[in-house]
Structures are given as structure tokens and as C-alpha cells.
Amino acid sequence: MKRLTLAAFTSSLIFSTTSFGSFANEAPATSSFSQISSSSAFSLAHEAVKQCEAKGYNVTATVVGVSGNVIAQLRSDNAGTHTLDSSRQKAFTAMSMKQPTANLMKLIAEKPIMQPLQTMDDNLLFLAGGMPITINNAVVGAIGVGGAPGGHLDVECADAAIKAVL
Amino acid sequence: MKRLTLAAFTSSLIFSTTSFGSFANEAPATSSFSQISSSSAFSLAHEAVKQCEAKGYNVTATVVGVSGNVIAQLRSDNAGTHTLDSSRQKAFTAMSMKQPTANLMKLIAEKPIMQPLQTMDDNLLFLAGGMPITINNAVVGAIGVGGAPGGHLDVECADAAIKAVL
Amino acid sequence: MKRLTLAAFTSSLIFSTTSFGSFANEAPATSSFSQISSSSAFSLAHEAVKQCEAKGYNVTATVVGVSGNVIAQLRSDNAGTHTLDSSRQKAFTAMSMKQPTANLMKLIAEKPIMQPLQTMDDNLLFLAGGMPITINNAVVGAIGVGGAPGGHLDVECADAAIKAVL
Amino acid sequence: MKRLTLAAFTSSLIFSTTSFGSFANEAPATSSFSQISSSSAFSLAHEAVKQCEAKGYNVTATVVGVSGNVIAQLRSDNAGTHTLDSSRQKAFTAMSMKQPTANLMKLIAEKPIMQPLQTMDDNLLFLAGGMPITINNAVVGAIGVGGAPGGHLDVECADAAIKAVL
Amino acid sequence: MKRLTLAAFTSSLIFSTTSFGSFANEAPATSSFSQISSSSAFSLAHEAVKQCEAKGYNVTATVVGVSGNVIAQLRSDNAGTHTLDSSRQKAFTAMSMKQPTANLMKLIAEKPIMQPLQTMDDNLLFLAGGMPITINNAVVGAIGVGGAPGGHLDVECADAAIKAVL
Amino acid sequence: MKRLTLAAFTSSLIFSTTSFGSFANEAPATSSFSQISSSSAFSLAHEAVKQCEAKGYNVTATVVGVSGNVIAQLRSDNAGTHTLDSSRQKAFTAMSMKQPTANLMKLIAEKPIMQPLQTMDDNLLFLAGGMPITINNAVVGAIGVGGAPGGHLDVECADAAIKAVL
Amino acid sequence: MKRLTLAAFTSSLIFSTTSFGSFANEAPATSSFSQISSSSAFSLAHEAVKQCEAKGYNVTATVVGVSGNVIAQLRSDNAGTHTLDSSRQKAFTAMSMKQPTANLMKLIAEKPIMQPLQTMDDNLLFLAGGMPITINNAVVGAIGVGGAPGGHLDVECADAAIKAVL
Amino acid sequence: MKRLTLAAFTSSLIFSTTSFGSFANEAPATSSFSQISSSSAFSLAHEAVKQCEAKGYNVTATVVGVSGNVIAQLRSDNAGTHTLDSSRQKAFTAMSMKQPTANLMKLIAEKPIMQPLQTMDDNLLFLAGGMPITINNAVVGAIGVGGAPGGHLDVECADAAIKAVL
């Protein structure tokens, strides 16, 4: 059995060039992924909450891995209950769509025909505050922040945390 | 271990000024919250239903605590089944976002880019009728009313109940 | 057709005039409701499906009682799976809001500020095809039809069934 | 205490004696049922909470109508969050199955073959603390209590409330 | 009674003998199956309700098609709300597992190691009252009955309905 | 390619012309359906993924049968987690509504009054990328593709797969 | 309006001694409670993960506040996805029932009649690894750990974290 | 920023030896893991279905990646609807717990105190038929098979597929 170590997300499309009848024997049995480490995820979530608290915003910050599952989630003392979900969904969305949620938010506002995107998956949220985390050209996770009085302020905390930690 | 009694929601941000490496030892281990008492919540829900019934509206009134969980819920004889959910969600929203839901309803109508707020959490509802309950400058819970023929009428019952009871 | 005469939904609001401190002893312990009978509900759902099939539409028809729970549901051979949910939700909505869903559909289209109504409860659907069933001035249930190529056609089948059966 | 006399749940089975081909025309179009009034439901829930608090138990008490939907729900200051669900489910179960939940709890313990009852519906809970409310031989609703340190203690509060209020 | 003769569920396994590399071109593009017709499903559910009502049992009867989706569901006037779910799940289970649910109920009771079956899918219920509907050696749907005071009584109504209608 | 010839979806409406009082005896007990075979569904999903990968798009392709349940689902190495849901929902929608989802997407954009369609069923999604699979004038299933940078590109992969396989 | 600062969870039952007719005016409008601070919650979760990793166990640790909502959640690099839910539910259970989950686990094993506890609420889990966090005789939150090869090992990490941090 | 390529699941615990105050700067920012490739997942699922069909069993086979999300899912023509969920949950369980589900099934049967495991997560299922897929000592995914008349037969198909494909 052959196996290749692929640079995740930048791999050439070996799969699609493998002939159908025999691909089980010749295609690589595994692909490899980079994911933000648990320790970095903790630091990021912690730093994002601190950045927002320094400005007087009570938020939740959530960091997810490449599949969109939570690695770290931290909530300020007075952050609303809904920020648990909003920050997690922003992170999920940024990861699964590999874009800042602010971009997607604009897309929907400008192209109303895209509004059904909002009903696609309960884990998706098209509000600013979700940022993919990119290391060596691979998206290795995402961070979402919710609870600041304005999505652009959530973004600022997320950005500042990424700069401080990674 | 140190411990501080904080005036909830008005506390200075002690957390963010605590140094990272040692905050576990020096930051306060607990924060304190004020929450509407069970007895006041019962009275509020009861009064809101009475206020609406006096006007001929069959409603449900729900009072939630600071985490958005129900403390009291009361439904009129002929209120539609959906008012259980609508009143609870209005209360949850007013509490978690610390604003009357009527304000949030206007915000979304005026800024369509904010429409994805509606998909953020199944417990959120951006229709008039949810009011934060503020005592001594702290939001200690919220009331939601649903079922009157117009959200502004739901608000009137909620307001009248707050004035009568607190 | 025989019909029991009942006072539900037209009762004066005894509750709201009962004094608070003693209402437990003096207010009526029960209220009474009229609900469409099981046999009539079966006939209505069956007739609505027949009416639509006669026109070549494959639908589901659902009849609910006063709490919005299903009493009868019938699906045509080739009706899409989603019509189970759509017809039930139309019936729930018409019952719980005591209005034809077509009216509510127009309301939302004309007043965009009311759009959050759509997220209020998973059982609500603001599309034409749900009709309250009124007998002796009381709403005793509702019927919902889904699957015709146009909500107004769903309404026609529902209307025709009500006329034929009740 | 006044009480409207109604025939629900004791009606003879007119339906089953109606011939199939014509039942739509001859069976009664509606059936009537009695349901605990909103005011009595509030009194019952309130009294059950008081009874438990007097003994030092922090509980939620929920009263549901004949369809199992909440009419009144009241929670003590320190009752666990899960008591909202547990009390509601006990009430739903007692109403829908028209038996005290303590009986059903014993049934399952004695006949393990009945254990799948527990997976039948998310609204069902087979623990002591749910009691049907019977007036004039009709089950007009149910009360559920959750949070006392033992289901039999939940039952005591429910029983005492029924005796005190109805 | 007329019946279309169809080969579903008795077809030989053409698929598994098709070679992998080329199956797209040589295997049949479609398979066919027989499903109980809407009209028969209605008759079955109606008859099952009548059979139970004649014995004084208030039940819901649900008939599902080969995928387990509802075709007909009918509820007696006083059947508990939970019978909507219980009858539907019994029908789903009998269809998807192609066995009477009473057999599966015994299996779990006798082999406790099989208890996790109960958590496999929210649509499954291992209580007596679900019966596959077999025509010409093909399972074309299933009926589930819930609400009689004993699963064997639910079965009797289902059996009697199948005999009377098919 | 071999294909069984079946009459599903083109049958005349025997049901609606059967007299009510006696239809149980005279209407056909079953109807028959053609459904895309398991082997063809596998090939279609596989081919759609290959088509997209050849263009550099990481997608999930899902093929459903006539009831909207999954027969085959395949996800590219780097396709976002949300594409599992989006492709499945597109396929469900195309099947249940018997139209390409791109048509329905346009309908909602052009007629805002139809927006509540989006809340009708969690399985529905009104974005391009879902295509009914029609064989011998019968819709025998549907394919949905999600993850390409634009719904029209999802459609291209689905179309190409249908042409290549069927 | 009067207001009392109550020592949460140890308060005398003022409510129940307040006369019914007037309790709205005389009972305290709010109650106060202590909750583990965000900073301590983060430290606790972090320490629990470290304690487990030092022993070679990959876990998730979750800390919840008094309502059972997450304040901090941290997952090791290789902890299974299910540990997100299991650790959160253990923490919720320990908080809402104010007992270590290991005690409740034993209770159910010894008294099979209590097995329905498991179906009471989706947030409850009766496996060892959840511990209430008590400060000054008040339960101010709870920690749950999941993923170690044995619930008693999850408990050890939780215990060690509480000792190290508080 | 440092970064390490770790052999997933066999890595030494670098994290836990990193000092707390500075781990953000010195611990590796990412971890890497191997996951079964999309092409191998398809082959595995396809082969498992074929193996079962050759024995006359109609099953669904599902292959998940390291986070437990579906990569490939294939269902035989006549496999019951519930096999979609059962096979997926078996695969999820084998992956998340890194053991064959047959082992876990025995564990619960032998130690009844472990029964609450069944309520831990809706994605878990403790029935035979789920197998971790291990390559180079790392668990890179899992396969689940459901629908054979006995879990040990599901296992045989899964095992045979793993042998044939990897």
C-alpha cells in the first residue's frame, strides 16, 4: 500500500487523476492535515477574551480545528449566553468556508439571491467575527468572537489575538 | 484564595489586568450576580398576563434569569401554543443582549446586513415584546410577552407589569 | 350535520377580573374547549387530498386540533416528502394564530420588519395553504395542505374540503 | 369553588359506531373537553413550589393542559436548571398516559421488557412526581414537580398543592 | 381486491455480481419497489383506529411507506399526545427492520447486550404495535398503533385492520 | 445500459376516481416506484466528485432516492464540513420538489413573498447544485453537489456526472 | 422596593413565608449568587487538561457556571470528538444536581428504578468525571472531564485541578 | 514561530511539559494528523457494501475521518432507512473512542454501571459493526456497517473490506 504525506489544502489533485477501476490500490491511503495545536488554541481564545475585556467588551471566543469542532472556548463573566453559540458558529463558518465571515456577510447583503446560505447548516453564521487561522498557507483552524457591540469590534479582538499569539 | 464581591455588570475589568502567568492565584475566584427572585418573577409573569387579559389579549408571559433560563411562565386560557416559545425567546433575547427586543427588531429592519442575527441561536427572537429587567443598574433578568395582536401591545403589558410589581 | 354547541373562545375573561389574593378559590377551575372531532378531521384530510388529486396535484393534508397537534394526516402517492412538514406547519400556524396563513404570508411580505416571525417556532410556516376551521364562532382546529404548484391551489383544496365535509 | 360541568373523556364512542361511508355527515363535527384554567394552573404551580420550599426543597413545578403543553411553570431560586425539563416531562407523561408517573416508574422497574418506553418520546419521563389532575372524572391537565431529594417528595408537594387549590 | 404485481424486495442481487470497474455501464440504473398506496394506507389507519375504538381504546394509527415516512396518520379524540410519536416510530421500526416490533422487543429483553439498539435512531421504538405490511412477498410499508393499554392490544388492532383492508 | 421500465410518477390518478365508501376494496393496494439503483448512485456521486476535483474544487456529492434519503455520499479530502449538509439538502430539495434547486433559488429571489419556503423543512435548501435524476420520464432520485466556489459550478459537476454515468 | 443580599444556596426560605396576596411587594426583588469567575474557570479547565496530559490521557475539560452554561472548554490535541459533549454534560449534571456525577452513577447502578434519570434531559450524564465547585459553602460552578480511560481517572484530573487552582 | 510535524496519535506530550506562562510562544503552533483519503474511504465503503451483498445482506457502510464526520456513505438498494444512522454512529464511535464498537458493546453488557455511556452523545452507538482504521499505528478514520442480521456479520463485512482495500 502506498502512502503520501501531502501538504494539506495545497495538494495537487492526485485523486482525480487516478483511474477509476484501480484507484483503491494506487491512490494514497491517507492525506495529512495540519491543525492548530491545543496549546495555541487555548492561548488564542484567552488572548481574544483579554483583548475584548481591555476595551470593555464581554465576549466569548471560540477556536475550532479543521473539522469545525471546538478546541477552546472561553467566556467573559458577563457575556450573554448567546455568545457561546455565536462565537462557535462564526469560527465554524470561517473554517468550513475558509474565509472571514465578514466577507460572507457582505456577500449575502449584496446578493440577496444568496440568502438561503443562512439556512444551510445550523453551525453556520454569516456575521463578522470569524477568522480563518492560516499557517504556512494552510488553514489550520479558525477563531470566532461574539459579544462586542459590533461585529467589526469582534474582528479586532480576533485579529489582535492572532497577532499576539501566532 | 482571594474572593471579591462584585457588583455584577458594573464591575471594573479586573480579569483583563491580571497577569497571565499567575492569574489563577491572584484573580478573584468568583464573581457575584443579582438575579430577579423567584417570587418577583412569579408576580411579574402573573401581572403581565393579567394586564393583557384586561385588554382582551390572550398571551404567554415568561420571565428568565440572567442565564436566560425560565423562572416563571404563565399562559392564558386561549393563547396560541406558539406563544410559549415566542415569549420565552423574547425574554432570552432581551436578557442575553441586554436590550429591549423592539430595538433589535428595528436594527435588523434598518440594516439588512444584520439579518443573519436571526439564525444565530434558536433561543433568539427579534420581535417586540422582550424587556430587560434592571434593578440598581444591573440587568437581573428579562420578561417576554407573546400573543397580543401587535408586538407594541406585548410591550405595553410587559411594561405595565414591571411598573406594578417592581 | 349535528354539532355540539360549546362556548369555547367566546367566553368572557373571567380570569382577569378575579382578585389576585383569592383567585384560586373563586375562579373556575376549568375552561372548556371545542375541538374538531377525530372523525371529521379524518374526513377533512381525506377530502382535501381527493380534491387536489382530482386536479392532478399530489399533496399532503394535515388537520390539527386546538393545541396544534396532528389529528389526521394523509399523503398522496407521489407527494414530496417535504409536504408532510409543510402541511402540518401550515395547519399549526393557522390554528395557533387563528388566521389563514395566506394573510400572514402577505403581512410579512408587506412589512419586512415582521420577518423575524419566521424564526419564532419550528412549527410555524408563513405560506398559503393553512386555514382555521371555525364552527359556531370557535376555532376548533385547522387544516394545512402542501404540495400543489402554488399556495393558492393548496388553499382551494382546503376550502373545498371544508365546504364538502363540514 | 365553581366548576363548569363538561362531558369530555366520558363521552360514548359515537365515532366507532358510525358507518364508514357516511361518517362525515353524521358524526359530531366537534368534541368538547375540559382543561384546567390558566388561573388554577398558576395557583397549583405556585402552591407546589411553596409546599416544597417550606420543606427546604428547591423545585420547579409545571402544570400542563390536556395536550401536554405548558400552562404554568415556576422555579425556585436555587432549583437546578434540569428541573425545568424534568417537571415538564413528568407533567406531560402523567397527562398523556393519564396515570401518576410513579406508577409507570414501577411498571418499568418490574417489567424490564417495558424499558423501551423510555425512548418513545423526548417529552416522556418515568420518574415519580407527575400527577394527573382530575375534575369531575375528567383528566383536565397534570402537574409535575422536580428537584426534591427523592421523587416521593416531589409527589408530596404536588399532592399537597392539588388538595390546597382544587 | 386488485393488486399490481411487482418484483421489489425479491430481486436477485444483480449489483453484487457486477464487476467494479464497469458497473456504471452495465448494472441497472434503477430498481423498482412496491409501496402501499395512499388509499390503502388511509383505509388501514382508519380501520385500526375503529378496531381499537370498538374496544374502548383511544389510539393513533400510523402507516408508513418503504422509506419509513408517514403516508397516513389518524388519532382518536382522546388519545394521548405521545401516541403520535409512538405509533409512527413503531411503524418506522417495523418497516426499516422488516419485522414486527414485538419480536424486537423480546429480543432486547432476552439479550441485554442488544439494549443499545434503543439509542440507534430517534425513529426507532422497540415496543409491540408495529407490523410490516407484506403483499406478494414484499414489505410494502408498515403500520404502527399506540395508545391501547398494552402493546399486544395495539397489535390486535393492527392485525385486524390488515385482515379487514388488504 | 439496461433499465427496468416502470410506471411510477406517470400513473393516472386511480385513487381520486375511486368512490369513497368502498375504495379500500377496489383501489390498488400498492403503487410502484422506480428509484435510482444503489450502484448507479455510487457511480454518480463518485463521478461528480471527480468532475469537481478535476477543476480544483473540493466538494461533497450526495445522491438520494425518491424519499430523499441518502443512497451515496462522498466528500473530497479538503471539502468543508458544511458541504455534507449542503449537498444532501440540495439533493433532498431537488427530489422532493422535482425541480433543479437553481430554479427554486431564482423563484425566491424574484418573489420575496416566497421567502418563508426557506423555513419549511430543515432538509430543504434553495441554492443551485441540486438536480433531479430523470429516467424514462420518472424522477428516480436526485443529486446534490456543494463546495465549489459558486452554485453554478456545483451544477456543472452534477450535470457532467449525470451525462457520464446514466 | 426592598432588596436583600442573600448568601446563595444557603439562604433561609424567605419566599415561602411571604404571604401570597402581597408577596410581590414585600419579598426581595432579587437574589444574589456567586459564580466561578471566567479567569478561574479558564485556569481550572487548563489545569485539568494538563493534569490528564501528564498521565498520557487526552481529554476535554469543561467548566460551567451556576446555570450549567459553559464558561471554559479546552480539548487536548487527540481527544475524541465525543469528549466535548461528555465533559460538558458531566459538568452540567454536577452543577444542576449539586453532587459529583460518580455518586449519581452509583445510585443508578444500585437502584435500577432510577434508570429513567438518564432520559431526563439531554444535558445530563451519569458517568464519573463531573465535580461541583464549592467556595464558601456555595456551589459556584462545576467541572467535567472526559476522555481518560476510566471515569475515576477523569475525576483525578478534575480533583487535582481544583486543588491546584482554587 | 515554531512548528513541529507530529506523528498523530503517537506524539509525546510536548504540550504538558511546556511551561504555562509562556506556552504560547514556545509550544508548536500546529499538530499534524493523518486521515484516510477520500478515495480510500470510497473504496472501503464500496467494498464493505459489496462484501455484505455477496452474502445477501443489505447494508449501509459509512467511513468517517478523524473528527468523526462522514467521508463516504453508501447504501444497498434494500437496506433499511435506519442503517444510515446506525452505520454512521458505529463509525463515529469507533473513531472517537479508538476501539471496535464490539468491545464497547461487551463492556456495557458486563458492567451495567457503564450504561449511561449510551446517553453521552447522539452520535455514539455501542453495537458491533464499527472498526477503527489504523495505518502506521495511527487511527486515521473508522468504518461502520449496519443492516446485516447480526452485528458480528456487519463486522465481517467491515473487516473484509479493510483487508481488501488497505
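The letters A, B, C, D, E, F, G and H name the chains in turn, as written, and every chain counts its residues from 1.
Rule of thumb we're sticking to: contacts are C-beta pairs under 8 Å (C-beta built on N, C-alpha and C of every residue); 3 or more make two chains touch, one makes a residue touch a chain.
This one's a predicted model, so the numbers in the text were calculated from it and none came from an experiment.
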Contact-graph distance - origin chain E, target chain H: 1
Same or different contact residues where chain D meets its copy chain C, judged by the half mark: same
Chain A and chain B, separation of their C-alpha mean positions in angstrom: 30
Length of the line joining the C-alpha centres of chain D and chain H, rounded to whole Å: 43
Rounded Å distance between chain C and chain E, as computed from the means of their C-alpha atoms: 28
Touching two or more other chains - residue numbers and ranges from chain A: 15, 20, 31, 35, 37-38, 42, 46, 67-69, 76-77, 81, 115, 118-119, 124
Complex contact set, residues of chain H against chain A: 1, 3, 15, 18, 23-24, 27-40, 43, 47, 65-69, 135-136, 140, 165-166
Complex contact set, residues of chain H against chain F: 35, 37-38, 41-42, 46, 49, 67, 69-77, 81, 84
Residues of chain E defined as touching chain D within the complex: 46, 50, 53-54, 56, 76-78, 80-83, 85-86, 89, 105-106, 108-109, 115, 118-119, 124-127
Parts of chain C lying in touch with chain B, wherever the complex brings them together: 8-9, 11, 13, 15-16, 20, 31, 67-68, 92-93, 95-98, 112-121, 123-124
